[in-house]
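Structure incoming, see below.
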Amino acid sequence: MKFHTEYLTFNTRKHRTYVHITPQVEAILNKSDIKDGMVLISAMHITAGVYVNDDENGLIQDIDAWLEKLAPSGNPYHHHKTGEDNGDSHLKAILIHHQVIVPVTAGKLDFGPWQRIFYAEFDGQREKRVIVKVMGE
Amino acid sequence: MKFHTEYLTFNTRKHRTYVHITPQVEAILNKSDIKDGMVLISAMHITAGVYVNDDENGLIQDIDAWLEKLAPSGNPYHHHKTGEDNGDSHLKAILIHHQVIVPVTAGKLDFGPWQRIFYAEFDGQREKRVIVKVMGE
Amino acid sequence: MKFHTEYLTFNTRKHRTYVHITPQVEAILNKSDIKDGMVLISAMHITAGVYVNDDENGLIQDIDAWLEKLAPSGNPYHHHKTGEDNGDSHLKAILIHHQVIVPVTAGKLDFGPWQRIFYAEFDGQREKRVIVKVMGE
C-alpha cells in the first residue's frame, strides 16, 4: 500500500471562480506511481468546494448562477454577526460538496468521457489549499 | 491490499429514473472476496448520480419532484447555446452528488437498516456507466 | 494495511440538531494507530447527514434555516402516505450528504484551519448510528 500526498494552492483574482484542475491531479497521480486505487481531492477550507463535471463555459456560468440562486449572497445571515460577510460562501460549499474521490485503474484516472475535476472558490482573493492524496498500489 | 473493479451499464427507458442497485453492488463485493474495506460507486457521466437512501416509491417521487423544483428543466441555460438541452441534468447530478463510498465490514456492506444504493439517471435513453471499485483485504 | 471500525450512537433531544464530532473522530483515529490514510465517517440512517464546516453558532443556525427553506417540513410529500411524516428529513440528508472522507497524514486529521466534522440529525429523539472506519498504515 502506497500513499502520496500533495497540496495545491490557489489565490484567485475573483471572489467566486471555478478552476479546472484535472491536469494537476493527473500529474500528481503520475508521480505517485500508483496503478490501482483512488485519489481523494478535498478542499481544506469551508468556503470552497471540489466537484466533477463538464469543462464547458456556458455550464460553468449556469452552475454559478444556480448556486447564487439557491444560496444567495447579501442575505442577513446570522454568521455575519461575527463580522464575517461570507455566509453564502459556506452554503454554496456545502451544496456543491467539498471533496471527490476519483478511482484509479491501470495508472489512469478512471473517468467517463466528459468528467473533469474543478476547484470551486466561493471566497477567494487569498491563499487557499486543496489536499490531493493518492492511495493504492 | 486487493482491488476489484467492475462497471455497470444502464440504458434507461425514461429520460429521468432511479434504479435500485444494491443487489448488483453486493454481488460484486462477494466476487471480490474482500472482508474489510470499502466500495466506491461512482457515476462515469456528468448527468447522472449515485446516492444512498430508502427504497420507497413515494419517496422516490418526492426526490424527483424536489430535484425538478431546485434544478428545473426548460430554463434558458447558457449550456444550451452549445446545442445541448440538458442543463438541468447537470445541476441535478451536482445536487444529488455523483458518488458514494460504502464501508465493508465482515464481508458485508456495513449499512444501517434502511440504506440502499441508487443510480439516478437525469439524461437517459442511451448507454451510461457506473464504476464499482472494491478496495480492502 | 490496517482497518479500525467504530460506531458512534446518537439520541438527540431535538428533532433537528447539529453535533460537533471532531473530538470523537480524533480519539478513534488515535486508537487505530494509523499514520497515513483516511477516515470514512458515514451516517447509517437515511434521515441524517455528516458534513465538514465551521463550528460557529450563527452559521449552524443559517445552515438549519437554509435546509428548511430548500427542503421544507410540512409539505404533503408522497412518502407520508406510508404513515411517515419525515419526507423533509430525507431531502435534507440528501442535500447535505450522508458522509465525508477525512485524509490522515502523520497520524492527524489533515484539515485546514477551520474544518470540523458535524453529525446532522434531521429526525432525532431515537437511537441512530454513524460508522467511523479508519483505513491506512
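Structure notes:
Order as written gives the chain letters A, B and C; numbering starts at 1 within each chain.
Criterion: a residue touches a chain if its C-beta (ideal position, glycine included) is under 8 Å from a C-beta of that chain, and two chains touch if they have at least 3 such contacts.
Everything numeric here is computed off the predicted structure, so don't read it as measured data.
Per the C-alpha superposition, subunit A sits rotated 120 degrees relative to subunit B, a value rounded to a multiple of 5. At the interface between subunit A and subunit C, under half of the residue numbers appear on both sides, which makes the contact a different-residue one.
Averaging C-alpha coordinates per chain places the centre of subunit A 20 Å away from that of subunit C. The set of subunit A residues touching two or more other chains comprises 1, 70, 95, 97, 101. Interface residues of subunit C facing subunit B in the complex, by the touch rule stated above, are 1, 3, 5, 40, 42-46, 70-71, 77-82, 87, 90-91, 93-95, 97-99, 101, 128-129, 131, 133, 135.
Chain contact summary for the complex, subunit C toward subunit A: residues 1, 36-38, 51-54, 56-59, 61-63, 66, 70, 95-97, 100-101, 103, 105, 110-112, 114-115, 136-137.
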